[in-house]
Amino acid sequence: MANFGGHAIPGSFFLIYGFWLTVKHILQHYWRKNQLKGRQVLPPLFKRMEYFEGGFTIFASFVGIMVEQFVVDGPHAHLYDYENDTWVKLMNWQHSTMYLFFLIFGIALVASTASKMLPVGIDRLALSMALFVEGFLFYYHVHSRPPLDAHIHSLLLVAVFSGSASTMLEVFIRDNIILELLRSCLFILQGSWFYQIGFVLYPLSGPEWDLKLHDNIMFVTMCFCWHLAVALLLVVCTSSVVWLTLTRFSGKRRDIEIGMRNTSLKTSSQKALLEESDEE
Amino acid sequence: MANFGGHAIPGSFFLIYGFWLTVKHILQHYWRKNQLKGRQVLPPLFKRMEYFEGGFTIFASFVGIMVEQFVVDGPHAHLYDYENDTWVKLMNWQHSTMYLFFLIFGIALVASTASKMLPVGIDRLALSMALFVEGFLFYYHVHSRPPLDAHIHSLLLVAVFSGSASTMLEVFIRDNIILELLRSCLFILQGSWFYQIGFVLYPLSGPEWDLKLHDNIMFVTMCFCWHLAVALLLVVCTSSVVWLTLTRFSGKRRDIEIGMRNTSLKTSSQKALLEESDEE
Amino acid sequence: MANFGGHAIPGSFFLIYGFWLTVKHILQHYWRKNQLKGRQVLPPLFKRMEYFEGGFTIFASFVGIMVEQFVVDGPHAHLYDYENDTWVKLMNWQHSTMYLFFLIFGIALVASTASKMLPVGIDRLALSMALFVEGFLFYYHVHSRPPLDAHIHSLLLVAVFSGSASTMLEVFIRDNIILELLRSCLFILQGSWFYQIGFVLYPLSGPEWDLKLHDNIMFVTMCFCWHLAVALLLVVCTSSVVWLTLTRFSGKRRDIEIGMRNTSLKTSSQKALLEESDEE
Amino acid sequence: MANFGGHAIPGSFFLIYGFWLTVKHILQHYWRKNQLKGRQVLPPLFKRMEYFEGGFTIFASFVGIMVEQFVVDGPHAHLYDYENDTWVKLMNWQHSTMYLFFLIFGIALVASTASKMLPVGIDRLALSMALFVEGFLFYYHVHSRPPLDAHIHSLLLVAVFSGSASTMLEVFIRDNIILELLRSCLFILQGSWFYQIGFVLYPLSGPEWDLKLHDNIMFVTMCFCWHLAVALLLVVCTSSVVWLTLTRFSGKRRDIEIGMRNTSLKTSSQKALLEESDEE
């Protein structure tokens, strides 16, 4: 949808999803680190989180497809206009196709959480494919547009294809917190860049951008790096807040539960934690 | 062969091969999962399947080479026409070359199944090479054709080179069900896309496609993604049917064989299976 | 900064950093090799080295940003000139952005040295990103320049992106001395190539280079390979000197400390060392 | 050197080197397979082979550099002609640079064989770099030549860069016979393709090739695949001959040495071998 809203809506989803991933993976990482001491209380929460994530993805993708199809000037599920011999609203059909693959990812996530029969990593493969298809369609999307328009979209592809590649790596390298946070970071980057595209192509106020000026292209390239830096900062801050909350929370609970035995336990558990991180 | 049949025949082969691979790898995966309990009854079947696959590949590739050479308007094994100073039917020679590498794959598969001396993974290397050569020749095939024709063939290359890369990965990462099913999926995609190329370039009925219209290119790009989605769906459905049949079949046999001891065994074997999939 | 000094300054930093990395990684490698015998005396030195490296990187990057911003003809922290409707000194802003990512690397290095909570490898990811951003900005930097200018900068990209890729590999493959020295080598190459760019584009003496002559491009390509050969030579020499010094030094210390028990110990420790390198 | 001989000489070297590698790696593979039974008689031979390979590479590269420099119409170690303000015989200098990196590989191979101090894999890194530099220089070599000339050289690059990539992989994946034979195969392919380039560009007899005819380009592309098929065949035949000779030879020696105990030993050793290949 060629207006500011049409870029802000997917942008918001990707931004929120990036933050959600950061929180989820930090929780999982915290649990993995402390798992060795025999406590296995968190898993039901994790399963519920995966179900929620999968269910929400399915719901949002389905709504996305419906909106693209049945919006006022949409194709209304018509693909070919036999009277005028033209394709009907191919742009909306392309967006529907992108949503379709996120829908598939949602189903894969729910299914792989529900059943132990499915091979581990199938959800990551589906997500990697969804990102690949998004980038693939965008790539042929931007042909024969004004230079700045084409450039700003091709920068989006850097985030999308990097995300696809790093997610594909996760099929083979499981439970690697760096890859997981990199993925979160790339989703936040993608989300904030959608907003940037909206601001540049459909400015809310102020003058239009000159789509052919070389200086604008230079600025936009640099601006993409700033978005990356901000995305890194946001992931680091969110991670730190979640991690510190977890440490304080689990520390408090232990205080109440175990009382006096706390002091000695704490020291030994910290030592164990240090040794674990050494071994990693 | 520049007609609908010339695209439908390889398309059918790739489609059938994709399904065959899905069934084979699900069988192998089922056996690997249940292997730990000491049952090793399936291997003779697996060996026979590999011999059949290899033998059929050799036979089909050989027939393919013969047909390309000795078809009525074929080169009849002549490469250079010294009278007119021209190459004879280079297109047929290129197709023969593609078949030759699938022939090599067939031989590698039969040989590596027959002898324990050959290094594990040589069949995957040969398959990866066959796909690489197919893509390599197609890549230089499509030069200086009308835009839609070139584009629809270059989309085929996405499936071919992805297949080559994922098969190459299997040389190093063995017995990974995700990679194996991805390969099946990419073969099905390739097969169905051959049909699509046939339908677009040599329509059986209805008007010709305008090979220069940009909208047609946009549709075809999107259509490729739909083929991928359908290929995924087909692999998932086939896998599920095979897996469920296996579970029911092996359950029944056990019922008859072991009778009363069944109940306790089943529970413990299911537990073991769950633990295995956890460890994976 | 478009003069000789503007290329010599970053060049010097990269050169020195390359040598520093060589020395650091050889020290770490020596310690890893001899670690099995229970001696763990070096680590405090290593930590101090990491703090120094991180601190210096932060300091130098900060100074770099300040200089680029507040130099006489710099942007003085102004991004957009609303009077003339133009961007202010985008070149300086781009350089500042590059420094920013090296600043982030410095912070990541200090933080991951200070705290065991941070996942191992986060410093390498940050370095890989800093190099990627450097290459990314340079890539769009060189558009529409004379052929030799564009070519000599694109050769720089070979060193930068290779460095980024090999550093990214180190996130997953830890403590591999070959990758570590390759990184050192690519930094030295990058540093010396910055000097070469300076000599070609802003010759200190002698005639100007013809920026359109094809022979000049051919020479520069070959010259890049010579720089690579020299960088390899420098890494090998530095490594050998450091390694031999370490062997002699630790041999001497042991002589004094253990006196007569030395001879037998030496033999067995050498044997252990040989076995370790066999197992590697 | 722009004549048939100038392509036949490096071609012969690469061909012979490919065969040498095949024999060497099959010998090593045979020894690895039979190593578990405690026999360690072959290593001195292996070391001598590595010294010979390294020494010969150093010698041949040195001769290559000297010939390129001091041939009648060579640069005689002059790089710049200050009188005419031109570079002197850059082509010869480029070839010398290629040889220089093979010289470095030779030194790395000898050094890593001689000393256990050097990290394992340094020789593969050096070989990968030598191939990369060869491809890198060829890449900028072929600009602005007639289409067929450019195309036939760019096909050479496929062999060279594939070789560089697969050799780089060997730095991390050691003792993998598939990668080792793939390397041998790519050297044979490179060697035979050098001959093909010679035959096409400087035909010994018959008419000149039309360097602009599209059919010639199509034929040459296909011809490259045939060379690959032949290279595969040659590697397989050489490997089989060496392997069978080894089996027969070591069988005979055992017959004489151990006499009657042979029968039982053979069975158990075959069993062990089968188990090894299973585990692989």
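Going by the order they are written in, the chains are A, B, C and D; count residues from 1 in each one.
Operating definition for what follows: a residue touches a chain if its C-beta (ideal position, glycine included) is under 8 Å from a C-beta of that chain, and two chains touch if they have at least 3 such contacts.
Quick caveat: nothing in here was measured; it's all calculated off a predicted structure.
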- [ ] Return the chains common to the contact lists of subunit B and subunit C.
- [x] A, D
Open item on the list: Report the chain whose CA-based centre is farthest from the CA-based centre of subunit B.
Closed with: C
Open item on the list: Fitting on CA atoms only, what is the rotation between the copies subunit A and subunit C? Please report it in degrees, nearest 5.
Closed with: 90
Open item on the list: With touch defined as above, tell me whether subunit B and subunit D contact each other through largely the same residue numbers, more than half shared, or through different ones.
Closed with: different
Task: Where subunit C and subunit D are represented by their mean Cα positions, the distance between them in whole Å - done: 32
Open item on the list: By the touch rule stated above, which residues of subunit A touch at least two different other chains?
Closed with: none
TODO: Chain pairs that touch, all of them, please.
DONE: A-B, A-C, B-D, C-D
Task: Interface residues, subunit D side, partner subunit C - complex - done: 86-87, 90, 93-94, 97, 100-101, 104, 116-117, 119-122, 125, 129, 133, 136-137, 140, 143-144, 171-172
Open item on the list: Applying the document's contact rule, which stretches of subunit B touch subunit A when the two form their complex?
Closed with: 29, 158, 173, 176-178, 182, 207, 214-219, 221-222, 225-226, 228-229, 232, 243, 273-274, 277-278, 280
